[in-house]
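In the two assemblies presented below, chain A is common to both, partnered first by chain B and then by chain C.
This part shows the complex of A and B:
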């Protein structure tokens, strides 16, 4: 087994890239790999807790909590989050916040890295 | 270098891919990129499929768009998320996202 680091610099709610990143994380965990998921830019909105789940809207909080329970490490860029008014007290439990060097360190010792660009 | 390129959008221009010259190239079509595997324009398949590469399309993204394997060009292999993980770890070393 190996380690996969995914960096996601996607758009907001409903972003296909963000959905993809979470689903790929799930598949990799299922295969027994270690997964680090980093979100930057608008994707940091993923870290906000208590987002309402609507039927025809992408809602990732529940699957994300399940994946964190299975060992997914998910981290938001602290600066990007703060710049958007997403503060610590509004952050989903288990969702880490670090500066960009966390992502670089994660990528540095990963077996595979996938950097998903912005939209 | 063995490179897996995720194509997540459907654009006719594929210049970035033209500039990539890896030893082995895999093109994984996801999101709207799956249209490269199914759409025909003036009877021709997507120019992307003319590259010398192994082609894959994500089944979930095909289904989301109402497409099935029967719509997919024969050059393209339909895969699921688990297959993509295996491709990353077993068949390719580096990745790119377009």
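This part shows the complex of A and C:
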């Protein structure tokens, strides 16, 4: 089995890229692969806990928690999050926060890196 | 001991989105990645500006004066200071009516030895073929 590193830089609301990244993570985990999901820039919005789920806006907290329970590692860029007022105390449980070198370290031994740029 | 080569390809113009700056800050992060790796393992970052992305390299950016933000120019100079290979597509500069005289070519005032490589796209293409992973911004 391989290791997939996914970097996503698009916002949760206003783009479907994070929806795709989370669905792809689920499919890869289902096949037995290891998945690291890195969110940076506007994508750090994914890390905020207790977002209200409306039917008109993407809401990924529930599937994300399920995937973390199956071994998905999700990490947010700490500087990008702090710049947007997303602090540690309103970060979803299990969501890691690191500096950008974490993403590069994950890419180091990844079999594939899928980088999904921002808006 | 192993080395993973990452290619950061910047296609978007500066200040319209956060992408180019994130490309450069992530590339710069290659300098501290060893804290996560075994001794001797390395991640290298090469940066290439193509398409409208070459506009990130323009000299005398006024981001600090106008937006109170560090400029993409200063990030580019930091890349040179940290000895990253930086490539700029010659053809794309020409399409925008620009030349080497219009862009940052070195960062001597930062103490950098490295210089920007203005090269035909063929050379950037060869660089990309030599990378383990490509990240498009």
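In this section, the second predicted complex is superposed on the first by the 117 of 119 C-alpha atoms of A that agree within 3 Å, B and C clash if a C-alpha of one lies under 4 Å from a C-alpha of the other, contacts with A are read in each partner's own complex, and residues count from 1 in each chain.
Assume a contact is a pair of C-beta atoms (placed from the backbone, for glycine too) under 8 Å apart; a residue touches a chain by one contact, two chains touch by 3 or more.
None of these values were measured; they are calculated from a predicted model.
Colleague: By the touch definition at the top of the document, which applies to A:115: first (chain B), second (chain C), both, or neither?
Modeller: In the superposed model, A:115 contacts both chain B and chain C.
Colleague: Which partner does A:42 reach: the first (chain B), the second (chain C), both, or neither?
Modeller: In the superposition, A:42 touches chain C alone.
Colleague: Look at A:62 in the shared chain and tell me whether it touches chain B only, chain C only, both, or neither; answer first, second, both or neither.
Modeller: neither
Colleague: Of the two partner chains, chain B (first) and chain C (second), which one does A:2 touch, if any: first, second, both, or neither?
Modeller: A:2 contacts chain B only, not chain C.
Colleague: Once the shared chain is lined up, is A:104 touching chain B (first), chain C (second), both, or neither of them?
Modeller: In the superposition, A:104 contacts chain C only.
Colleague: According to the stated criteria, A:23 is in contact with first (chain B), second (chain C), both, or neither; which is it?
Modeller: first
Colleague: Across the two complexes, find the residues of chain A that touch chain B and also touch chain C.
Modeller: Overlap of chain B and chain C footprints on chain A: residues 112-113, 115, 117.
Colleague: Quick check: in the complex, which residue numbers of chain A touch chain B?
Modeller: 2, 4, 16-17, 20, 23-24, 26-28, 30-31, 33, 111-117
Colleague: Which residues, counting only chain C, touch chain A once they are in their complex?
Modeller: 2, 4, 6, 17-19, 22, 25-26, 28-33, 35-37, 41, 43, 45, 133-137
Colleague: Report the residues of chain A in contact with chain C in the complex, numbered from low to high.
Modeller: Interface residues on the chain A side: 7, 9, 40-42, 80, 99-105, 107-110, 112-113, 115, 117-119.
Colleague: Residues of chain B touching chain A in their complex?
Modeller: Within the complex, chain B touches chain A at residues 6, 8, 30-32, 60, 80-82, 84-86, 88-89, 93, 95, 97.
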